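Since the structure comes first, as structure tokens, the remarks are kept for the end.
When the chains are written out, they are named A, B, C, D, E and F in that same order, and each has its own residue count from 1.
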Amino acid sequence: MAVSMALHILVLLPFVSALLIAAGATRGRGFHSGIAIAASAIGFALVLSVAGRVVGGEVLAVSTPWVPAIGLDFSLMIDPLGLMFAGLILGIGLLVAIYAHFYLAKGEATGRFFASLMLFQGAMLGIVISGNVLLLLIFWELTSLSSFLLIGFWRHSAEARQGARMALAITGGGGLVLIAGMLLLGIVAGSFDLMTILQSGDVIRSSPLYPVILVLILIGCFTKSAQFPFHFWLPHAMAAPTPVSAYLHSATMVKAGVFLLARLWPVLAGTDLYTVIVTSVGLVTMVFGAWVALFRHDLKGILAYSTISQLGLLVMLLGFSIEMAAVAAVLHILNHAAFKAALFMSAGIVDHETGTRDIRRLGGLAKVMPITAVIATIAAAAMAGLPPLGGFISKEMMLYETLEVGLFGLPWLVPVLATIAAMLSAGYSFRLAAHLFFGAPRDAGPHARAHDPGLGMWASPAVLVVIAVLLGLAPMVIAGPLVASVASAVIGSAAPPLDLSLWHGVNAALMMSIAAVLVGALLLWRHAGLLRRYEALRHLDAKELFQRGMAGADARLRKLMVATHRPSLQRMLFATFAVVLLLIIEGASAGGGSFTGPREGLPASPIAIIAWLLLIAATGAVLMEERQRFRVLIYISVIGLIIALAFVHFSAPDLALTQISVEVVTILLLLLALNLLPKSPPILSSNPRRLRDAALAVAGGLGVGGAAWAMLTRETNDPISAYHLANSYSGGGGTNVVNVTLVDFRAFDTLGEIIVLGIAGLAIFALLEPTARGVAGARLRKWQEDMPHSPERHPLMFVMATRILLPLVLAAGIYIFLRGHNQPGGGFIAALVVAIAFLLQYLASGFDWTDARRRIGEHFLIAFGVLVAMATGLGSLLFGANFLTSAFDYFSLPLIGEFELATALLFDVGVFAVVFGAVMLALAQLSHISQRAARAHAAQLKAEKLTHEEGEP
Amino acid sequence: MIDLGILGEIAIAAMLVLGGGFALVGSWGLVRLPSLMERLHGPTKATTLGLGGILIGSMLFFQLEQGTWTVHELLISLFLFITAPIAANLVAKVHIHALRARHTPTVPGPAGAPPPPPSGADWATHEAPHPGTPASTSEN
Amino acid sequence: MIGYAVTFAFACLALALGLNLWRLLKGPEVGDRVLALDTMVINSIAIIVLIGVATTNNTYFEAALLLAMVGFVGTVAYCKFMLRGDIIE
Amino acid sequence: MRRLIPHPGLSVLLVATWMMMLNSLTFGGLFVGIIIGILLPIFTAPFWPGRPDVNFRAGIAYFVLVVWDIIVANFQVAAIILFKRNRDLRPAWLVIPMELDTPEAITVFAGTISLTPGTVSTDVSACGKFLLVHALDAADPDAEIARIKARYETRLKRVFA
Amino acid sequence: MSLIAHLASAPVVIPALAAPIALLVMRRRHGLGVGISLASCTAMVVAALVLLAASADGTIRTYEIGSWPAPFGIVLVVDRLSAIMLTLAASLSLLAMVHGVLTRADRKGWHFHPLFQFQMLGLNGAFLTGDLFNLFVFFEVLLIASYGLMLHGQGPARLKAGVQYVIVNIVGSSLFLIALGLLYALTGTLNMADMGLRVAAIGPEDQGLLRVAALLLVSVFALKAALVPLHLWLPRTYAVSTPAVAALFALMTKVGVYSIIRVVPQVFGDNAGAAAWAPAPYLLPAAIVTAVIGFAGVFVARSLSGQAAYAVIGSTGTLMIAVAAWQVDALGAALYYLVHSTIAGAALFLVADVVARRRASFVDKASPGPLFAQRQTVGLLFMAAAIAATGLPPLSGFIGKLLILEAVADAPWWGWAWGAILATTLIGVIGFARTGSAIFWKEAAPTDGAEPSSIKRADMIAPVAAIALLAALSIGAGWATAYANAAAAQVFDPAAGVRAVLGEG
Amino acid sequence: MTLEFLVASAIGVLVAGGIYMALRGRTFQVVLGLTLFSYAVNLFLFASGRLTVNRPPIWSKDIVEYADPLPQALVLTAIVITFGMTAFAVVLALRSFLESGSDQVDGDPCESGLNDNLPSDDSGGERP
């Protein structure tokens, strides 16, 4: 098989099988476990098939470019280190899958379980065979995510949910820190290719960023490998089903950190900083974990803390920056994987059979479950470092290496603490075996129906125990070449000569080992007393701390967020105005230049000054009487009128026309709305707030007014409108340049503008149509008129006047529409004028009367108008011109004379239709609701009157 | 350009002065007359004539000065003829309605409150017009 | 002479607007304010026409016409609001 | 014919209005104006139910009279505003009994009263038979009522025959 | 002129026709209207893809509306950046539309389809136009349509939030006009390319005014982009909107970001005197705070839609960190992440809806409720969406974040940026893990028994498709990042734009 | 006194009034504030073409100087759009009032999109 294919299959197989399992999630347990077992087996076989070549020194690699922009390649690489881990992941994965098949009850969501398990397997495999550190990061984060699912598998249990979240928070967070470290590493090395990085050790260690890189990467490793003080997630991950623990905490998840430390050993190790940090963290973790493990009662708790301790050991070894220590680490990785997986599985069996994992309730199980007892006892012995098991060899190597290392200038520190840790670990191992299987049963209950499980369940731990034994008895045969080649891969050069055996003669390490075992036995003997003393102490529970910290952070953050994110429009607007104001100030002061420009001003006539006074006074009146809403509307009308006059004065007749007509419609609209709103609401703002707002308002006014002044006193800068003036008549066929701009030069703007209006109409309709129902309907029904109204709906003179005004104003509308291209006017203004004519009818004769006499629906008008405008625009495509290109020509008819026809006029028809439709739709809907409100009110009064009369006699 | 005779010029100037004057008087009336009903007379009339004067002045001006007939001004007058009485009517209605409803700033002017019509019916502002009468423009 | 007349008329109208403003702010009745606004509109029509005369330009007449046509709609609406609350019923 | 030209007076007014807006006398303009004069009343006919019979000649005469009255009376009001002290004013409410019986006629009557200075039509009675008028300065209200009835209502009865 | 030459106008023409036609036919035949709407979205996707492919070689296509030459008329400009945005908008519209139709959300009120098409018109127009005032107009089109859509279905929460949303945006639009006025007054032009040329000639006495204009304009865009402290309008608005609409809204803040990317290098680039890169110093801190606030919101929000809304803010912050570097590779990273985060935000809103539809009165609140239909699948979907939103592997967010981290590494402030991006990722992860475990893992006895009857799986189509898009974006990241980088390079070469728009002369 | 000063100061006053009103607590006031603000904005945009008296941009063979037509066209568009927006805002304000019975612009402090209608000690629905 080609290497590339093998590698791709290797990494994809777990993912594909996860998908298959998920797809068949509703099928039986056998289906799920079958796929998982088969996939693991195939993967393991693949690893075995390449093992020879790899151990022989060949590095299998394949690379496909993925995201060249960041140097992320899909590179896979198997060297001895990767090989060993891949073998562990798949081999133990296989055993765990078999075990899990029997362990999980029939009713459990085995589909979900095995899918997650395979996902996790794939992610782990990805980590160990990635040839690109960015790719490695991807798999790294995937292990956090998939372990989240696995730990939280029993989701009904709060322990499981919290454990899963905590693991995710710590390992995921560590992963994020790792990202930073790895990115810096790659940037310094100039590549994210693993091989290149591994060869850039000198560059990296001499980089000023090295300490940063180191710390960041170490945090990533330490969190994953549950090193102190990030260890606390691991015991809580024990809420997972036991197969998960067996898998995650023996050979995989927690080993990822160790793997990465080993992987980057050639690059990062060897500096004092590295040695100090890694060694001390490992050492502390080792001692601490072992100490706590001694006093746990939950089987899995003991194993969890023992795992922490053993991982500390590994980390410490790697931290020594000594080649032989690295070799010891490699060997211990194998040992630990074997005995720890076996122990977890045994614990699972005990739990499964007795229904409890509390060691205080168990004991003497060897009689009822002999097979399990044998397996677990051997595994525990390996963990204790007893000969002739593999654990003894690696532990002794470890103790030997400690003698080489001085920490903080104290040569005795490491050996002494390491020996203490070894004593403690011997102690908890002994206790585990002894209290579980030997002595008298302490609690009859769990003991009653306990017996050995079927072969399916004990086979897996048995295989592991056999390996653990063989690793002690024939280490060189079983693991020699592998360890040697792995060690050289870790070290980055040829490994020192390897001599793995139980007996190295009498030396300090042997003495330390013996001491460890003896003290371990002593600890077992005096355990009860020690336990009492231990429990008398107050212990800082990291989980508690974490959760309290989390809850505190949550509460504080929440308070802060809720306080700052109150949905207050006043705040939103204040923030907006304030930001803009500050930016204006900054821009004006930082930009420099003059405030007043050189342009000569136009003298103001007395009437202009009076008009200005009117505007200022009306604005002031609006502010002074803001709560008198009706009056305020009148003042607003004055402002609108003055602005219309200003447009007339400043040569903008089209604008004046627009302003006048829009003003009227706006006032109608506001009056319609005001009728249903409270007319003079109570004061809401406090005086300081008013002052603050006023200050901001004044500043804003000064800012914008100042900008206007600066702008007005400057000369123009060759505006493009010169072209419009020059081409309006010749190119656009109209003399009213503003209108030609609207319907021709910038017809696209106008298209958008009418669409805005059309949408406004539609949206208003959508908003108001359901108003009669629901809460609003009820409120409308309850709506009370707040002043006595005149009973006369349709004043005679007014009604009669509108009858003649309608045709007259319509004629004016047609006139304004037709002349727009050449004189002030056009579709928009005409539409408003016509709309006003009809609105006048509504005002005078009421909604029903008028509406019954109208012929075209507003929705149709809006759609029609947009379509006409679009059709006009698209029509030009038929003539090979661009969208919205206009054409015009002059025609002559007898009697009538010469006249112009322009497509722009057709476009203006569209404008007319949309604007008319939208205005009518908006106002008709709004007036309709008032009418309905009034009717509902009348109906209610009538009903009340009826009940009143009924109550009378 | 047509030679502008002095008479024409005088006529134009007279109309403009007259118009301006009337507009001012109308607005002065708005300020100084004692109550809303009296004030209503000023603008509705004096101002219309004021505007009328200016309109005629303008028409003459464009005719004599520019040689172009403009009749737009007549159109403006036409609309004002229709709209001014309506506006006055409605403002007056608001007044008598407010008087009857005792809305606070509203007080009867020197003429007092309006007397009721001699027939049994009240004014339309206070009583909905009876169906079938010319005053009723019912919805159907 | 016409120039003086125009200036005089402008001055009158300016003064008139000022008087309207006074009534607008003073009230006291709502009707007074509406009336003041209505008068302002009419004076504004006169001003627009005068601007036309003063600048010898009749482009602005449409503005005056429009104001005459629709200006009173506001007045009417305000009155209807005071009379009936619901301006379109 | 009635459906084709529902309001002949309106049609004429529209054509005139159109020509005034065009501000020029061309055949083309007149042609369009006539089209508008015919089409718009048809289109807006639903909004003007009922068709008052109008004597146009009397109408024009009435119109001229009113315009004249407006001009003359404007001076009177101006004089009152400028020279009469508030305490000398004799404002009064006039309740005018009407013989007019179409809404169009009443409206024109009331409008005339408002346009001619010194008087403002304030309200119509609910029965449609009385007009409430406010007079700015009426020392003798009854005489004023009689004058108004004689001068305008009599003529209007002829217009809306 | 061949039809392909008119293609640049297709993204505006298609919805502008579809909307009124749908409006006309909807009244009688709802199904036909839906068909038109879906067809329009599909056609927009096709048109956008064609433009995307056509722009790949670096051609800048211009289209002079009305055949008036730039800068005098309005010109549409299709470069790689526009093509990316158009494609994103069209794809998202299809997702949102499909979801809206499948969940029958389109029937919960009036005029969903016309409003939706008009919304697309606004978006596409904004991405296409080369004219600053025209940009304003399309902003208004997309805003008013968004008001309508946001209020679709109504209810008190939507109405209250709607008032604030509408008013804040009206203020924003007014400020936009002030900025436009200043710029026209100073430069005499509205065409962006032309304006970019003309700012160079502005004299020293006018520099202050120019700088004011630049800052004002960008602050308006920042308001649309919801950069802190101009973000307050967003959370509630998005959280309460109809999910299909909210999914489309995920793009709305990106319009603000797009405008900043479009306008700053082109108009306020190197030769803009005192206005050169004027907003730059403020964008970075704002972006960092925005990212932090956004993900803090994700952390504390107690409903999926609330989290989604804050995630939109957070992602904008992350994105703007990259933009604020004003370098080609950072902008390339930003564009890739922009596409990703938009789809991810949409996916979150859609998943929130899928959840809410199944949990009766518990809706998408992060409180345990009774078991609900297809919990397993929905849970997976949520996890995928959360992974996408936080930027974890294997979805494209991770690549996007790696791109950003690497691109800003040589900026002096890289530490702040990295810290913010990585820390917010963690905060987001924890936040989503909490709500997810409460909703999908924890159970509570049903209290009101109002379990929605038979919810079909059809409503998962759109979110699944969104996730699939993200997976594709992840797998095709090589190609996508190359395109994004090329687009960024084009943005930083305004001269090429000027040549294309104003001709060689 | 120049017209430029009158216009600039009028813009300033309208802006100040608009901001102040927009910061009040009721929808109707806010809408009126926006109206004032948009008057100012329209004037501002118009002023970007500078002030020109008596030169309307109606093209004629023998006239050389005109007011700048472009800002006028822009303002026209802006007025229309503002009208649409204002209309919508007014209707929405009314609709919201009818639905909730309050015309306050500020939402309930409990609706910040954070959905804290759940007890605040419940960390994400999960209790230790």
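The criterion applied here is as follows: a residue touches a chain if its C-beta (ideal position, glycine included) is under 8 Å from a C-beta of that chain, and two chains touch if they have at least 3 such contacts.
Owing to the predicted nature of the structure, the values given are computational and were not obtained by experimental measurement.
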item	value
Given chain D and chain F, the chains that contact each of them	A
Minimum number of chain-to-chain touching steps separating chain B from chain F	2
Each chain counted as touching chain D and chain E at once	A
Remotest chain, chain E as reference, centres from CA atoms	D
Most central chain, Cα average position	E
Most remote chain, CA-based centroid, reference being chain C	A
Chain centre separation in whole Å, for chain F relative to chain A (CA means)	35
Centroid spacing, where centroids are CA-atom means, of chain A and chain D in whole angstrom	74
Chain B and chain C: spacing of chain centres that average the CA atoms, whole Å	11
Distance between the centres, which are taken as Cα means, of chain E and chain B, whole angstrom	57
Multi-partner residues of chain A (at least 2 other chains)	158, 161, 165, 550, 554, 558, 561-562, 565, 567-569, 573, 577, 609, 633, 647, 649, 653, 674, 704, 707, 711, 716, 719-721, 724, 745-746, 749, 753, 756, 759-760, 763, 767, 775, 787, 790, 792-793, 795-801, 804-805, 808, 812, 823-824, 845-846
Multi-partner residues of chain E (at least 2 other chains)	133, 137, 140, 144, 147, 151, 154, 156, 160-161, 163-164, 167, 171, 178, 181-182, 184-185, 190, 235-236, 297, 300, 434, 437, 442
For chain F, residues that touch 2 or more chains besides their own	22, 27, 30-31, 42, 44, 47-50, 53-54, 56, 58, 70, 74, 77, 81, 84-86, 88, 92-93, 95, 99-100, 105, 107-108, 111-114, 116, 123-124, 126
Pairs of chains in contact (touch as defined earlier), listed by label	A-B, A-C, A-D, A-E, A-F, B-C, B-D, C-F, E-F
Chain B residues touching chain D - in the complex, by the definition given at the top	21-22, 25-26, 28-29, 32-34, 37-38, 40-42, 44-46, 48-49, 68-72, 74-75, 78, 81-82, 84-86, 88-89, 92-93, 95-96, 109-112, 114-115, 117-130, 133-137
Complex interface listing, chain A residues touching chain C	605-607, 609-611, 613-614, 617-618, 621, 630-631, 633-635, 637-638, 641, 644-645, 647-649, 653, 656-657, 660-661, 663-664, 667-668, 671-672, 674-675, 785, 787, 789-790, 792-793, 795, 798, 805, 808-809, 812, 816, 823-825, 829, 833, 836, 839-840, 842-843, 846-847, 923, 927, 930-931, 933-934
Touching residues on chain A, where the partner in the complex is chain E	22, 25, 65-70, 72, 109, 112, 134, 137-139, 141-142, 145, 148, 152, 155-156, 158, 161, 164-165, 168-169, 172-173, 176-177, 179-180, 183-184, 187, 550, 554, 557-558, 560-562, 565, 567-569, 571-573, 575-577, 579-580, 583-584, 586-595, 597, 704, 707, 710-711, 714, 716-721, 723-724, 727, 744-749, 751-753, 755-756, 758-760, 762-763, 765-767, 769-770, 775, 859-860, 862-864, 866-867, 870, 873-874, 876-877, 880-886
Interface residues, chain C side, partner chain B - complex	1-2, 4-6, 8-13, 15-17, 19-20, 22-23, 27-32, 34-36, 38-39, 42-43, 45-46, 49-50, 52-53, 56, 58, 61, 64-65, 68-69, 71-72, 75-76, 79-80, 82-83
Complex contact set, residues of chain C against chain F	55, 57, 59-60
